[in-house]
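The block underneath contains the structure these notes are about, expressed in structure tokens.
Chain IDs A, B and C follow the sequence of writing; residue 1 opens each chain.
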Amino acid sequence: MRKRDFLSTEELGPEGFSAILDLAARVKRGEVKGGLEGKIFAASFMDPSLRTRASFESAMFMHGGHMIVLEPGRGSWSMETELGAVMEGTAVEHLIETSRVLGRYADAIGLRVFPKGTEWVRERQDRIIKDFAAYSEKPVINLESARRHPCQGLADALTLREKLGDPKGKRFVLSWAWHPKPLPTAVPASAAIAAAQLGMDVVIARPQGYDLDPDDMAVIYQQAAANGGRVTLANSMSDATVGADAVYVKSWGSLQYFGRPEEEKQYRAGLRGWKMTVDGLKATKAGKGIVMHCLPVRRNVEIDDAVLDGPNSVVIDEAENRLHVQRALLLDLIGRK
Amino acid sequence: MRKRDFLSTEELGPEGFSAILDLAARVKRGEVKGGLEGKIFAASFMDPSLRTRASFESAMFMHGGHMIVLEPGRGSWSMETELGAVMEGTAVEHLIETSRVLGRYADAIGLRVFPKGTEWVRERQDRIIKDFAAYSEKPVINLESARRHPCQGLADALTLREKLGDPKGKRFVLSWAWHPKPLPTAVPASAAIAAAQLGMDVVIARPQGYDLDPDDMAVIYQQAAANGGRVTLANSMSDATVGADAVYVKSWGSLQYFGRPEEEKQYRAGLRGWKMTVDGLKATKAGKGIVMHCLPVRRNVEIDDAVLDGPNSVVIDEAENRLHVQRALLLDLIGRK
Amino acid sequence: MRKRDFLSTEELGPEGFSAILDLAARVKRGEVKGGLEGKIFAASFMDPSLRTRASFESAMFMHGGHMIVLEPGRGSWSMETELGAVMEGTAVEHLIETSRVLGRYADAIGLRVFPKGTEWVRERQDRIIKDFAAYSEKPVINLESARRHPCQGLADALTLREKLGDPKGKRFVLSWAWHPKPLPTAVPASAAIAAAQLGMDVVIARPQGYDLDPDDMAVIYQQAAANGGRVTLANSMSDATVGADAVYVKSWGSLQYFGRPEEEKQYRAGLRGWKMTVDGLKATKAGKGIVMHCLPVRRNVEIDDAVLDGPNSVVIDEAENRLHVQRALLLDLIGRK
């Protein structure tokens, strides 16, 4: 039987997606003990991590397993990601060997690799995570690639289910926010996809020039159509948040300016108004719309202290849910049946 | 019930302090098995560590638990520590989120954060560890902050108990030593406090300009008064060591020159005589006074090889005791009753 | 009883060497459960690692134990390795304390330390790993030193046994390959020693100026003599591979040019033909000679993609065997009897 990978939430299909969330809820209530005894998850981080790393490590330990952490380019060898490369440069080990070898020491392997920020036409193919999975003999979990952060998407979905009851038809606003750096689009795309998979009324608010990749938009539209939701675009954070059940605040870089951060910086200079404030909360449904963020968040830049430390914010519960969805995911992928 | 933190030894009170040391002795003798099954300790290191990291990781494992290690600014996100900061700079995640989120993945969390070496008037408030604890929902263990290294203090106290029998009234000399860099005062303050908590005759020898912070001195005096000991200041390592039962050799930076390392370097240039040598040992009680150091130690700079490798040195046993006091501490804070 | 270290395969003697390989084969077949319950292995990496680190961590966990990883100079203190040093420089902690202290937190300790690439006359003494072992109170495992990588040697031997049946008398070719950097000789020396310990017909092919250290050659000759094999030198990869049962492709730096990388770079410029290609495979015995490499490998520089991804390559199995020989090694050194 072919091993299963977890590279995106949309590939789970409606039943698979729902089943993982159901299992996560049971796991969170303490109804599932053990299941990963003797199992090893080897995760390779080419970029920094707090939540992903700590929550996966806790998840493995809580069910009897163990996580190994590697950092190519720091404690471990720098990684070549180009197939067919003549490796005369600085990269010491090819992802083919990293992937194959780690699979011999572990029951599942993971990779975090952010886009390099040079050419979106290349990055948008998300080749590194796909090649890593293709060469691996063991299930691969995407710990955030150029295009997807599916564990975050699962945690977002579980949080929406918990906080809104049945999220179907409820208003989910994904809103761009100003940030000093152009960040990847993997999280906003994954969050919008997950909300669409829940059948929500998805609104994406962003300034001109900050559209998500058209392929990501296509997935969002498909998932909305398949799950009874809909998708709207908006040009203003404050307009979009009116009546929102949930506002997902998140910054990302303009794909138009991808690879040209200085130009983008100038372009976005006028966009500092895209910030979540206490005033912004009032427009949400009965003033009680929840505020979500994947973290790390730039306080008083993306979201004000008063919002993050106030009752509308669910960002800590959302981060906690990373743990529970990943427990469910690991049990599903490599757990003892 | 409010969660308990462990930020300093003096906050334990006489009974709590004694109880931890008693438990540590039992743990060391192998009388306590398990107790941390399924428990997770997440430790965040903003500065380097060997003993703290390795001994806590062993401690958790030995009793059935697990330690997660994070390094903000290296494998994990760089950390903003200023409350209310507008996060437009290089720091990516605020300690509020780090503290709150880690508490969702773990049963206790820890933080190591050294002073930055710019303004003592700010550092002396020890705000970072206090804020980290204030925002955390779980017990926080101080892995060395600007003002305290309480796990070291506990290990020092256990070592004094083991090597001197009842340390009460015995002569404990904390002596400054020359070192190429201005080091933090957390260790010398914590060691002197611990010795005072044991009711010892505490002597602090230091060159002019190297007084500990007045608030630390006040705690040392208070603890001595409360525990039947006393405190004396001395101006010479060699004079102070006469008749010493224990000499704790340690370098620290001048608080007068805090934030001005080049000036301090010049100032301390004449102080190279502050070094522990074999000759220095002869003055100790019957030539058998023990030599302590928290490690890492600069060999042949703070202490000569012949001392470190000779019979008076207890530095390796002292380092080992980090393990046992921390086993006791963890069992006390988060152990299964 | 004196603790045992594992610094080289030759020190095991014929019976010890064979016994470890036999145990590794049993372990690999799943015939040995547990044995390291409650045991801790603390490994200190002064240089990068993927296989060593991940496979030892898996090995400990698989048998009930735990591995602690430290990185002097990164998360842990930079390490002074010179005995008698007056530590006024950048190194913060001496290997004496690192070794002694880690031994108090763990049942065995490990060290990886590559040669610095300045003076071979010093490096060839392999003092750092030897001093680390001499000062340690617990068994020390060499995770690759200037002269030896014995865990790799064991894995190579297990792989040869598995792939060739009884390797005795079969043709083992260690061939130099071009590489952009001058690499250490620990792996080629250890591989040739291991093959000699198996009684193979060892051929070492290298360009002029790339002889291994004469002491390493002496060990290879001794082991061949003691185990019924022989040793031949060759001047061409393609000639040497004729009729080979196994070709171990590996680059290493010229000891003549040790410490002068720019000169060596020029010297080796004409040696790019030393590369393993599909054509090279044809010359091996019946075209089925196995291709070995310790990894990481520079694809299309040392070995072509077509070779690495073809049926002759055993590099992934060889890497997997690191896990099994180390499981056996740990069980032997610190396992519960």
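Keep this in mind: a contact is a pair of C-beta atoms (placed from the backbone, for glycine too) under 8 Å apart; a residue touches a chain by one contact, two chains touch by 3 or more.
What you are looking at is a predicted structure, and each value in this text was computed from that prediction instead of being measured.
For the pair chain B and chain C, the CA-based superposition corresponds to a rotation of 120 degrees in steps of 5. Residues touching across the chain A-chain B interface largely differ between the two copies, under half of the numbers being common to both.
Averaging C-alpha coordinates per chain places the centre of chain A 40 Å away from that of chain B. Within chain B, residues 74 each touch two or more of the remaining chains. Contact residues of chain A toward chain C in the complex are 38, 40, 42, 66, 68, 70, 72, 74-77, 80, 84-89, 92-94, 96-98, 100-102, 104-106. Residues of chain C touching chain A in their complex: 45, 48-51, 53-55, 57-58, 61-62, 69, 71, 74, 180, 295-301, 305, 308-309, 315-316, 319-320, 323.
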